[in-house]
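Quick heads-up: structures coming right below.
Both complexes shown next keep subunit A, but they swap its partner, so subunit B is in the first and subunit C is in the second.
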Partner chain A sequence: MRYILTFYLLIPLSSLPQTTSFDFHLPENIKKFADHLFCEGDYLRAIEQYDLIKQILDNDTIEFKVMLGYSSLGFHQESNEIFKVVNDKSNFYADAYLLSLKNQLLIASKLINDSSIALFNSIQMKSFSKLTTISMLYDDEFNIPKEKFISPFDEEERNSVSSFYDYKVEPQYKSPTLAGIMSAIIPGSGKMYVGEWGDGITALLATSLFAFLAYDNFSADHTTRAWIFTGLGAFFYAGNIYGSVASAQIFNARIDFAFSNGLELFLQQQNYFLPEYDFCK
Partner chain B sequence: MTSVNKIFFIVIFVWLSLARLFAQDSFADQFNLAKKLYDEQNYFDAITEFKRLLFFDDSEIYNYDTNRMIGLSYKNGGKFSDALRYFTIAEIQSSTPEENYNCRIEIIKINILRRTTHRALTMLDSLAADAKCSNKLDDINYWRGWTYIFSDDWEMASSSFSEIQPNHQLALLCDSMANDLYSAQLAKFLSIVPGAGQFYTGEYVSGLISIGWNVLWGYLTINAFMEDRVFDGLMVGTLLWWRFYSGNIQNAEEFALEKNLEKTNAALRYLQYISIEKKP
Partner chain C sequence: MRSKLNLILLFLFITTSAFCQMENLKWQKSDPSYEKPTKQVHRDYSFEADNPGELIAKSLANAYWFFISDVDGDNCPFRPSCSSFLLQSVKETNIFQASLMFFDRFTRDMNIAKGDEHYPKVSAGYFYDPPKNYTLNQGKIKYLPPAFIADDE
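Now for the complex of A and B:
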């Protein structure tokens, strides 16, 4: 009986040391928690936790995840700072290199001139080709044949890439000077040239109406009203010329915005052609 | 049962209780640490420590409190969407009607702050209809009052606070605010006489300018008709006089709304700093 009693007494005793002092700050516990935060999408806290243990655990996955976290948060510069210390023998070096190119594109919005590296596998090589090719759209000197430009892309990507190419080669701009001159000759025609038909017709009718009223009142010696209508007519005429120039500039800005916005959206949808990393399975 | 067995069961019970008590200590310490950070208004770190506790606490003892505190921390950091998420989880984890009620009120407070008035009122109505909250009607009316304050409906706010107590401090404040606001409709109506709406809102210069323009274009329009220049009269009347006349009405309404916004913002700033026990 004494043995049985001793045995039962030891059961809770044995469980006590395991449960009384749970250390939240053991490196492995911090890592587990950081991984959880990373998968939850709370990158800022995940990075903070990884920073606490990266010296102790010396883990290249952590380094890459921190880089990925910064990039996801939009801190591309910080992400590339991490890349500078990534060992080129690391398993993630090729991935980190690709990610650094994406960051580079987002920081500077210019052509990526970096060369490929021997560590790339076929998928990474494809990502690299797509990313560097699409970065050409950010360059002012754009002179590459269309076939060559779209060749690295998959069939489903080619339509979008092709339309970006067309825009880059021949943007459908309207000339502000021409719009202004047209409106000076025939009021409203500059607006019509930009495609704003309603405004153009209104400007034509209003200017003509005020010109007629001014002429008619001068003819009838009603000078006060004549000068009021002359002033209004001149205001509409000058305003219409200014408006036509502004409309052409807005039209061009809208085209540029649609291009850059469309390109950004396309790249986001394609995840900048980077492979998907799933650390949360 | 023999005496040995009795002793055995007592010892087992005591040891297991002790084991459980000590096991909770680390987690209780972690909760206290996170709570301390929250009290020090260090919300970012507080959330980290609460989340750490939540992640490691398999016993789920702290689930409700932790989720609620994370929600409060996010709310204090202005992250309302994240706060809503954690308050909703806390509501699911709540084990007593009081806890459940508190979470729902926190969700309502977020809706008040985000000015999603309809959602806040719907939730308050649902609480008022809940038999378990029958002793909370004053509190529900209190938050209903705040909902109306944030939707600029000071009269309804006053009426909600008055249901708690006729001379409630906030009811009196809302009454005075409601009386102090300009009526945009009245400003528009007065502007039938050009400039009168602007005078009502205290914009005397603008009122005088408005009178001047309307007198000028009115004179020229009538003058044209009197000289049998009907087409001229129509053109001046529609393109100039009517434009300035309708502009005068719109202008008076805009002044009233602008002034009301200034008054409302001043009142909300005042409410932010005065000492009231409960605020959203």
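Now for the complex of A and C:
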């Protein structure tokens, strides 16, 4: 009796799992899997899955998510290619438009000239204003009053934006010509002017030493040695003037580097002023 | 029974020892090198030059390498080294400008307080200071922060 009961229980238990069928290739199931990958941040595989079903489901959320995925991966050109097919009647059109502007900024690093659209709500309008205003920093012809420039930004953003404005209007460059002239008058002083104190003092010592050796040897009628030291001293002197000009140029390149890096970091931290999209709740 | 077992053991022993001798390469003494492996600087001692300025610089560099540097060792804290900096500078500019660039580099080399906060480094630990940054052509300057580690050579 016990064997019959066990047998009776085992047969349905082992047969039932075989009877339930689950079609992984149904568009709905592919979408679920793609959504899961998207929420995990695996955008590339999520986009692959969305590509399989986008013709079948015709879903504007999918289009926007693919666009967002490409942008998050750094494929801004591909992201903007998707924007071209987004329907302007779609609920996501305004967000897709904003995202395309961000992509545009990252692709070309230049002023955004596009105008706002009627579909923008107040938050999107604010994002648009901030993004287009900050893009002015990439333009060579920058002439806008400071108050107007910082007005679209929130209180906590204004400090950073204000410092970027100051840099753009009046970058703290050092003059290569002045550095060269200073080193010509007092050897090493041009280097000190650009903040290279160690190099400046070394140049002053080296030039002074050779000048003294030349003078001393001329005084002692050691003409050959005196001319050798004169030559060396002259090269150190001229090399220092040249080096001071070069150092000022490198200093200016450092200022530019700090600006562009700081701006990029700031924009990343602010998510390019775009709203946060959460499709994973 | 015992004699059969001995026979099997003998067969096994003979085949095992025979196969051992069948290897083509016999064990023999090896000659290991106990020299510390070092990264050799491949220097081009030729006098190939595109212009007289390059020829003068190459001659000076060859003489310095042969009589001083090869004997004294690799002591320059920069990459490219000061002699290579001169050669690269001549290629980038001309002999006069390259001489000024070299004397400026030499002054910076003499600075005992050059420190880690000024230059980026190559992976081997040398300061990375390419001549392209000193040609006075602002467009050629490629600023790298001191925390940057460039590829060696």
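Definition applied: the second predicted complex is superposed on the first by the 247 of 281 C-alpha atoms of A that agree within 3 Å, B and C clash if a C-alpha of one lies under 4 Å from a C-alpha of the other, contacts with A are read in each partner's own complex, and residues count from 1 in each chain.
We adopt the following convention: a residue touches a chain if its C-beta (ideal position, glycine included) is under 8 Å from a C-beta of that chain, and two chains touch if they have at least 3 such contacts.
Fair warning: this is a prediction, and the values are worked out from it, not measured in the lab.
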Query: Does the superposition put A:T61 against subunit B (first), subunit C (second), both, or neither?
result: neither
- request: Applying the touch criterion given at the start, work out whether A:F257 contacts subunit B, subunit C, both or neither, answering first, second, both or neither.
  value: second
- request: Kindly classify A:S90 by the partners it touches after superposition: subunit B alone (first), subunit C alone (second), both, or neither?
  value: neither
Message: Quick check on the superposed pair: does A:S72 touch subunit B, subunit C, both, or neither? Answer first, second, both or neither.
response: neither
- prompt: Can A:A246 be said to touch subunit B (first), subunit C (second), both, or neither?
  reply: second
Field: Per-residue touch tally on subunit A - higher for subunit B or for subunit C
entry: B
- prompt: Which partner does A:S109 contact after superposing on A: first (subunit B), second (subunit C), both, neither?
  reply: neither
Query: Of the partners subunit B and subunit C, which touch A:H36 in the superposed model: first, second, both, neither?
result: first
Message: Quick one: is A:A203 in contact with subunit B, with subunit C, with both, or with neither? Answer first, second, both or neither.
response: second
Message: Show me the residue ranges of subunit A that touch subunit B in the complex, using the header's touch definition.
response: 1, 4-5, 8-9, 11-13, 15-16, 19-24, 29, 32-33, 36-37, 42, 45, 48-49, 209, 213, 216-217, 220, 222, 224-225, 228-229, 232
- prompt: Which of the residues in subunit A come into contact with subunit C in the complex?
  reply: 198-199, 201-203, 206, 235-236, 238-240, 242-243, 245-246, 249-250, 252-254, 256-257
Subunit B to subunit A touching residues, read off their complex: 4, 7-8, 11-12, 15-16, 18-20, 22-23, 25-27, 30, 44, 47-48, 51-53, 55-56, 220, 224, 227, 229, 231-232, 235-236, 239-240
- prompt: Can you list the residues on subunit C that touch subunit A in the complex?
  reply: 97, 99-108, 110-115, 133-134, 136, 138, 141, 143, 145
